[in-house]
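In the two assemblies presented below, chain A is common to both, partnered first by chain B and then by chain C.
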Partner chain A sequence: MQTIAAWFHALYETTGINLTIIYDAFDRARFINGFLVTIELSVICIFFSIVIGIVGAWLQGSQLVWTRRIVQAYIQLFRNTPPLVQMYFFYFGLSNLLPRLHAAGGDQPLLSGFAWACISLSFFAGAFNVEIFRSGIEAIPHSTLEAAEALGYTRLSAYRHIILPLAVRVCLPALNNNLVNLVKTTTLAYAIAVPELLYVSAQIWSDNVNVPEMMVVLLLVYFALVGLLVLGMHRLEFRLRLPGYSRT
Partner chain B sequence: MAEASPWTPDQPIIEITDIHKSFGHVEVLRGISLKVRKGEVICIIGPSGSGKSTLIRCINALTPFDRGSVRVMGIEVGAPHLDKLALRRRVGMVFQQYNLFPHRTALQNVMMAPIQVLHQPRREVEARAMALLKKVRLEGKEHSYPGQMSGGQQQRVAIARSLAMNPDIMLFDEVTAALDPETVKEVLVTIKQLADEGMTCILVTHEMGFAREVADHVYFTDRGVIVEDGPPAELFANPRDPRTQAFLSQVL
Partner chain C sequence: MTARPMPATPFVLAPPRAGTPKLRLRLWHGAALAMLVLLSATLADAASTGPAARAGILVILLKWTPLLFRGFLFNILISVASMTIGTILGGALGITLISLLPPVRLAGSVTMQFFRNAPWLVLLFFAMFLLPFQLRIGPLVIPLPDWLKAVIGLSLPVMANVAEIMRGAVASIPSGQWEAAESLAFKRRQQVWSIIMPQCIKRMLPPWMNLYAILTMSTVLASIVGVNEVMTLAGQVSAAEGGRTDLLTPLYGYIMVWFFLYAYPIALLTTRLERRFAVKM
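Presenting the complex of A and B:
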């Protein structure tokens, strides 16, 4: 570790390429923390956006007109507005309407910027996920549902055990796309001062005036991060393929 | 009055009285009545679009009907708060397109409903499922997926899947219509075996030879009504109605 740090320090001295995130302990810690926050934010938002997608797609098949309308309104609202505006709406709009906590150091908002970023991004990606799951559900032949009904399944248990597992297989490529988009969109949390990767990088390049270096690092880190997600999703697609149906 | 008169085996197991069903402007069932006794094998024949499939789909409430009544073992199928599970436990159904669950193996397809719907213990269900697959002569295919099996094999899994719910009545909706001629036989043998064991079966079929062989009673339907019915020997040999005569001369 010491020698690597020394090497990168020497690199800076000789070429001017300044990667403080490797040789400077403080910057390194900041950068790693930012990276972990990005991962945490991504994992939480992926999870909740999928939950919203599954529940929303189920509610869209409801017999009740108003349930369907509410889901539809939610989708339209979150699909037709910019995610940054949504995040501002939650953080600056909704947050101020909520009661504040009285803590030792003075008033504290009820929810942190991180929590609001999770909420806003989950709703944002969730709106797309509802449509993605719906497209998967619609691809399942009605006769499959009838076979389940004839075996005594209720609508909910057929959804859970038969329709959803099949629909997921159909819509995985589209879901994959949306989750990639979601991970990239976590950078918007920068705007509400969540110390994620982009935010800490901005701090680092402000302190060290190493903007070009940090830009390259950011690009590569996101490239690797999203690449990892895509790899995982492809593995999942492969594992879930229907034997005897998919191309080899 | 369903509760007041519980069903006893001496009563008809299925009693259909004057049912009507329209899809939009088209009336596909125009007053059909029939009775089925326990252990009987009924074949319903007739030209396409005569309402045969709709008729048997009314028996397990897959298709709601507009007027008339259907009683299955004392259960009034048209009742507003029908206990669908109670009905569907008693009535199994096999479809033309098999409709297996493609993400599960043959064995899992058979086990799913008893475990997930009836919450029966897995071990018990598995033993029964293995026995059922053996019965439909699919030993060794337990762990194959539907996509890896032939149509005839899939259809026999579908039969085993229905039987796993221990139904009292089996409905077969043109179950051999999508099969190759060579594989039709393997499915028919399975159905014959069931019929011989005393299962109450209602078949919508185009297999006239099979209908003649297994049926206790044959109904000929056309344009939503029963034109003629009788024991197969009689109906096939001496059809009385000109429509039955015309149909049989075309298909035989």
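Presenting the complex of A and C:
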């Protein structure tokens, strides 16, 4: 560890390539922390957006016209407005309308920036997920649903045991795409000062004036993160493939 | 028990509406949006403490509308400029993806993956910090103001996505088309330009429009790097009104409504085109 640090220090002295995140303990800790926050944010948002997608797709198949309309309004609203404005709306707007906690060191907002980032990003990605799951559900042959009905399944249990498992397999490629997008959109949390990867990188490059190096590191880290997610999703896709349905 | 006699229907059931769906912007869409703004405004009013007679929130919004609208038009300008640059570059990159030379194809595909997997905001920072503030080509000096850098930064991911859309469209053309063109002794250039591309344009249009909608949503990112567009102006408006916290919800809600009114018709048109161009199976 010491020799690696010394080597990168020497690299800075000889070539001017300043990678403080490797030889400086403080910057390294900051960077790793930011990386972990990005991962935490991504995992939480992926989970909740999928939950929203599944529940929303179920509600969209409802018999009640108003349920369908409300879900549709939610989808269109969140799909057709900028995620950054949504985040500001939640963080600056709604956050101020909520009661504040009386803590020892003065008033504190009820929800932190991190929590608001999770909420707004989950709703944003969830709106896309509802559409994706719906398209998967629509791809299920009608006769399958009729067979389930004939076997005495209720709407909910047919959805849980028959339609959803099939629909998930159909819509995995589209879901994959959206989740990649979600991981990339977590950078928006920078705007509300959540200390994620981009935010700590900005701190580091303004402290050390090493913008090009940090920029390259940042791009590579996101490249790796997205690559990891895509790899995982492809393995999932392979494990869940339906005989006779998969394309290859 | 005899079978119930079938009554002669005294009325004719209306046939299901055929044809392409119209732009279904119903009254309730607008009503729901207006409700949202009003609701947030009244909520904020209720939450605002102090009986001091302050201007109503709707009055404030109305007062600043011309300024905010100019900012919004700037967003649209940025999106159109980025889309134009991105489409031209992306078309060129897309051509390399269907090249017959493996090294060219590999280079194109690495470039595309790189710019597609990087977050938009990071690419925007990339353009902001790493582009010089002016370009010197011999005696010619081209200044690069912030907004132009933002346009370039946003056009990079657009380029990669356009290239991917193009690759997907070409891949979706049945291979019989290529073979037929070849058997009719068309040269490679003619095959691509006269036979494959004209069929691709139709398939590329809906995803391309989708991309434009995403780009429009991303133009607000330029506010983070200091371009004077609608979000920056909104922050300034809020400051000019004395930093009232209760103003923020309706203010950002108001901007959301504008983006919605711009993007929703595009989304509807995209779905309509998608349906029309759908491959019949």
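Please note the rule applied: the second predicted complex is superposed on the first by the 244 of 248 C-alpha atoms of A that agree within 3 Å, B and C clash if a C-alpha of one lies under 4 Å from a C-alpha of the other, contacts with A are read in each partner's own complex, and residues count from 1 in each chain.
What we mean here is this: a residue touches a chain if its C-beta (ideal position, glycine included) is under 8 Å from a C-beta of that chain, and two chains touch if they have at least 3 such contacts.
Because the structure is a prediction, the values reported are computed rather than measured.
*Asks:* A:L242 in the overlay: touching chain B, chain C, both, or neither? Say first, second, both or neither.
*Replies:* first
*Asks:* Is A:L198 in contact with chain B, with chain C, with both, or with neither (first, second, both, neither)?
*Replies:* A:L198 sits against chain C, while chain B stays out of touch.
*Asks:* Under the stated touch criterion, name the partner, chain B or chain C, that contacts more residues in chain A.
*Replies:* C
*Asks:* After superposition on the shared chain, which partner residues are touched by A:H161: those of chain B (first), chain C (second), both, or neither?
*Replies:* The first partner, chain B, only.
*Asks:* So, does A:G16 touch the first partner chain B, the second partner chain C, both, or neither?
*Replies:* A:G16 sits against neither chain B nor chain C.
*Asks:* Based on the superposed arrangement, let me know which partner A:F223 touches: chain B (first), chain C (second), both, or neither?
*Replies:* Only chain C is touched by A:F223; chain B is not.
*Asks:* After the superposition on A, what does A:N80 contact: first (chain B), second (chain C), both or neither?
*Replies:* In the superposed model, A:N80 contacts chain C only, not chain B.
*Asks:* Pick out the shared contact residues on chain A: the ones touching chain B in one complex and chain C in the other.
*Replies:* Touching chain B in the first complex and chain C in the second, no residue of chain A appears in both lists.
*Asks:* Quick one: in the complex, what on chain A touches chain B?
*Replies:* Where chain A meets chain B, its residues are 141, 143-144, 146-154, 157, 161-162, 165-166, 169, 240, 242-245.
*Asks:* For chain C, which residues are in contact with chain A within the complex?
*Replies:* Counting only chain C, the residues touching chain A are 28-29, 32, 40, 43-44, 47, 114, 117-122, 125-126, 129-130, 213, 216-221, 223-224, 231, 245-246, 248-253, 255-256, 259-260, 263-264, 267.
*Asks:* Please name which positions on chain B make contact with chain A in the complex.
*Replies:* Contacts found on chain B: 60, 62, 84-85, 88-89, 91-93, 95, 97, 99-103, 112-113, 116-118, 145-149, 158, 161-162, 165.
*Asks:* Across the complex, what residues on chain A touch chain C?
*Replies:* Where chain A meets chain C, its residues are 69, 73, 76-77, 79-86, 88-89, 92-94, 96-97, 180, 184-188, 190-191, 198, 202, 211-212, 215, 218-219, 222-223, 226-227.
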